[in-house]
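Provided herewith is a single structure, encoded as structure tokens, for subsequent inquiry.
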Amino acid sequence: MTDKIIKIAIVGITGYGGLELLRLLYNHPNAKVVSIHNTQTENTDISEQFPHLKSMYNLTPTTFDPMHIMQEADLVFFATSSGVSKDLAQDFIQAKFPVIDLSGDFRLPADIYKKWYKNEPASDEAIQQAHYSLADFYDNKVTYIANPGCYATGTLLALAPLAQNHLLDKDNIIIDAKSGLSGAGKSLTLASHFVNVNENFTMYKANHHQHIPEITQQLQQWQSDIAHIQFTTSLLPINRGIFVSAYVKINDDSQAEKIQELYTATYANKQFVRVMPKNQLPSIKQVIGTNFTDIGLTYNPDTKYLTIVSVLDNMIKGAAGQAIQNMNHMFDLEESTGLHLIAQYA
Amino acid sequence: MTDKIIKIAIVGITGYGGLELLRLLYNHPNAKVVSIHNTQTENTDISEQFPHLKSMYNLTPTTFDPMHIMQEADLVFFATSSGVSKDLAQDFIQAKFPVIDLSGDFRLPADIYKKWYKNEPASDEAIQQAHYSLADFYDNKVTYIANPGCYATGTLLALAPLAQNHLLDKDNIIIDAKSGLSGAGKSLTLASHFVNVNENFTMYKANHHQHIPEITQQLQQWQSDIAHIQFTTSLLPINRGIFVSAYVKINDDSQAEKIQELYTATYANKQFVRVMPKNQLPSIKQVIGTNFTDIGLTYNPDTKYLTIVSVLDNMIKGAAGQAIQNMNHMFDLEESTGLHLIAQYA
Amino acid sequence: MTDKIIKIAIVGITGYGGLELLRLLYNHPNAKVVSIHNTQTENTDISEQFPHLKSMYNLTPTTFDPMHIMQEADLVFFATSSGVSKDLAQDFIQAKFPVIDLSGDFRLPADIYKKWYKNEPASDEAIQQAHYSLADFYDNKVTYIANPGCYATGTLLALAPLAQNHLLDKDNIIIDAKSGLSGAGKSLTLASHFVNVNENFTMYKANHHQHIPEITQQLQQWQSDIAHIQFTTSLLPINRGIFVSAYVKINDDSQAEKIQELYTATYANKQFVRVMPKNQLPSIKQVIGTNFTDIGLTYNPDTKYLTIVSVLDNMIKGAAGQAIQNMNHMFDLEESTGLHLIAQYA
Amino acid sequence: MTDKIIKIAIVGITGYGGLELLRLLYNHPNAKVVSIHNTQTENTDISEQFPHLKSMYNLTPTTFDPMHIMQEADLVFFATSSGVSKDLAQDFIQAKFPVIDLSGDFRLPADIYKKWYKNEPASDEAIQQAHYSLADFYDNKVTYIANPGCYATGTLLALAPLAQNHLLDKDNIIIDAKSGLSGAGKSLTLASHFVNVNENFTMYKANHHQHIPEITQQLQQWQSDIAHIQFTTSLLPINRGIFVSAYVKINDDSQAEKIQELYTATYANKQFVRVMPKNQLPSIKQVIGTNFTDIGLTYNPDTKYLTIVSVLDNMIKGAAGQAIQNMNHMFDLEESTGLHLIAQYA
């Protein structure tokens, strides 16, 4: 274990992502949160608003001042809503100061961002400084990391072994993805009111979820003929967790029986991806509270469809945990540092 | 309103299906439950075991005696587990006495039943007396009705307008179906323990659910080239409700824009199927406690996939409610008699 | 069954109470909703905003005009938030037109209302026209009925047999009451966000809930020495249901063994209150969806405390159902008309 | 940080308590699980049965052999059901080998155990070797620690400052305690079936819960006149968490306004008990996943009742976490070692 300490500033502290970073970094042996920043400044200790933090953190949000942050810290996490970091990150980009951005602002080319986020994008120049980093596949030392979205992480890890081997039938990639409510954030809407969510199940943004373009963009890097995916998202009446059901055909059906081996081989050295035994499918609970993505496969010879299930914790692997995994890469720490987490069984 | 009273015997009273029949029949103006029967006889009033029935029913299970039932009653409901009615129903079949069977014992040819239920089937002769009756499409006066399964009902109603017009691309019919726990019955297993279900989501019986053959059998009657469907089932952490997500391609893509009209037209005179406005998808809550199936559609021109969502209450439309709808047909009552149910909004 | 039809106007249609009235009145044989009214007028059919009502109701909210309502209807329900009916009901009070008010505006004397609701009260003169009507004990023909609050109903029915016989030790009446989220209404607050409610339990308004004064006021009518109750309320992570745990000492301990009989006798002719066998306590589920209050008792000879549990559905017995029970009384209908409801077991 | 490593054997590995010990000990810097033992031996790696442990533990249960355990390990945890350790622990007691017992077998004198557990007790001689150790108040070096029950921990910490100062009115100590389902263990009963728990709330074992005698026994050590408590327990439809609502009168009412200070002072140096600001009450969520007990108070001058709320995670503070806290004491480690846990906010 190295005794290096990374000094960290977090921008966007009152959302789920910022709070989860605080929680996970508490036990990271090589990280220390030195400042937290919020758009609406409150001059009170964070534990007053969030009693779960009492006696663990004594931190009060301070004014966001990039110059000051760059003097005091070694790394900035942006855990802000979309549309914030594209403006606030400018100074860091120019100074080539290390940033890990949990938002979607730097994941896509400007025109595609504009189309899917219905929002003004950052400049193409700024976006080109950023690197989309699916942490299990990229070990980046770049200074601006665009941390992948939660649905994108689950979908890409489910499809990576096939796409990397050009085995996907590009016309039949069907993803039925489900997420717990924390994925939708803290905003107060009818859609997040307890009575509307509990004992219910709702599909939303069918064919329009903003994670679609980052998935296709990454898939194309692996298998260039992929243009579109059939992708729907639904809300599960649970707090945390993503369950991706992927139904795909493979280009070379003779390979069907070897797919399990392909997955096992692809992830043999990826410590945060666990492949289930053949025909066993993971459930959400086995990864909640952890940085794992668990994947299972089953093939149907009658329909020629392969069912792939991947599960992850949207707040950890889908946000703060993967961001720390990327931080570990960036600072040459063992990638699991601070992420030795086991799911609660009960 | 007719003043006819149908005298009813229910076999299998302590399962969810039997209890739901009791509940719904209480307010049916033309039905009266005259006897209840159980495999393990308990000689106590049913409200002792089930306090929610107190002051509503004074009924004690009596010995199952087909001759006696045929003397006292006009109709028998079997709400038994699979493998029970195939034996117990024999006398009624021979006597051509009216039966509505909520179990799977008479839905399939003997060889197919044996393959999917891993159980000895009824005789082919007996099975031929039964009629599989999706109540919104068949108005049966036959004496033995095999009431459809819950997943089958949701899937068939989602696909009927396309299959009936031979519009389904037979090679790409993908169904991702989800159900609340009551669909799995009262048996005590790890899979139904609260701690395993709550805050979890689990796929089970992928490609092996016993409702698959009754779906394909019915689809084939509408569109003869359909041989297989890609069908998975998952457990939602809720008590009631089925959500069917169907992803299909249509044979004649030029028809894509007319599909909404096709659904509206197909169900215009079906009072228990409600088609949502274009691109609006139903959520489970809007049908819980009712006999409705609500259906919504959205088409993706990039992938050529049509997403169809259907929702229903698995205990009502997927079991006891559809059985009563079938009873109303059988006895020439208006089909909605006793089924004027509105979902709880909160 | 009479063939009289009561024409009904509902004011406050988009809250949970108004929607529940619509749902229950649909199956009431002697009632017909002729108009609905809302503070913010929307000129669209109610089923567009609330798809669960599709094909059941064709109603569009119209402007609130008391004169017009009195011409068209026989009865007005106010299902408005507190602070609304005290102004809007004035014309009906002056005309002595029948009103059933589900809100708290006319339950308390003006000064007490002001203290507990922190809001301007109606005039004492208007308040004196209203009658607080716990439907199981009052069979009112008065024209303005103040329908009791949900917690108050559960607590009063739990204590009535003791208070009516002056058996309560006035210094030790402890109520720990819990409610599902629908009791807190539709407003969007952090406290109703799914992630905050799910997997959580929170006590709120300890000693300050606005139902406290209506409970003590009613108890005093039965047992005049009761001045205060120890009363706390908590939120259960469920949609519906109230569970009242009352811990009381009785004045005459020699009576302890006769309390069960006292409850049985008190409620022998109350069809909507069911007393459990001795030492059996009801659970919430057995009354959800019904107008029942179920009550159970157990006495602890070591501590001299009697534990009384009462359960009810806060939207039905605690709001719309009791209002209809009061309507039935007001219009000389059998009190259970339209309220023959059995709980869902699964 | 010391570099000592405590070698640990766990008996009873497949219950919730054993699995939680495995989870928490994984990140304990001074502990290593060297063997696991089960009553029904399965010769397969534990991660096959429990996929959440995959890649974290490679352990296979081995035969329970006390002599072998004493050679290989430094400490045994019993995470067995009641009635097991009273027999299996004999050899360790005779050898004065360190044991921490999460079960109830050694918490009570033999006659009281027999009365409340309806089970044969251990011998009085053996029981006298054990020490009941509420970890926040006892820093034990004894060799056999009886780890407190989950409800007992929450209740005792809620009442300790009052009892230690003889301030409790002994005749009016009312506890309404609620627990999530994991507190009831893994056994498959109707009471733990998802459909019975979800959207429900049930009181059970009113006045008969087996934690009552360990609470009164401990309270008596602090305030000798306490003979009985009024204690009920209910099941919350959540996985984890205990919420204790205590309603008490204090002997010297003039002290009422100083109670908040008394609590703050009592727990000033207890790092795992956090007292909320005056009149603020904790909710369950703020301690789930941690070893904290959070406590809040509010006094009602009208009724003279003080409401005390305490919350804890029944699997951690109420079982495995407190056991590790006791282990840290036993082995002279800083008491929070391995227990730096922050609750998930979302």
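Note that the chains take the letters A, B, C and D in the order they are written out, and that residue 1 is the start of every chain.
The definition used in the following text is that a contact is a pair of C-beta atoms (placed from the backbone, for glycine too) under 8 Å apart; a residue touches a chain by one contact, two chains touch by 3 or more.
Just so we're on the same page, UniProt names per chain: A, B, C, D = N-acetyl-gamma-glutamyl-phosphate reductase.
The structure displayed is predicted, hence computed values, not measured ones.
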| item | value |
| --- | --- |
| For subunit C, the least number of touch steps when starting out from subunit B | 1 |
| Farthest chain (mean CA position) relative to subunit D | B |
| Rounded Å distance, subunit B centre to subunit D centre (Cα mean) | 46 |
| Whole-Å gap separating subunit A and subunit B, where each centre is the average of the chain's CA atoms | 40 |
| Two or more partner chains touched - positions in subunit A | 16, 182, 186, 195-196, 198-199, 237-240, 285, 346 |
| Complex interface listing, subunit B residues touching subunit D | 16, 181-182, 186, 188-190, 192-199, 237-239 |
| Subunit B residues within the subunit C interface of the complex | 16, 19-20, 22-23, 26-27, 50-56, 182, 186, 199, 239-240, 271, 274, 276, 282, 285-287, 289-290, 294, 315, 340, 342-346 |
| Interface residues, subunit A side, partner subunit B - complex | 171-172, 174, 176, 178, 180, 195-196, 198-203, 206-207, 227-230, 232, 234, 236-241, 243, 245, 247, 281, 283-285, 288, 298, 300, 302-305, 307, 309, 346 |
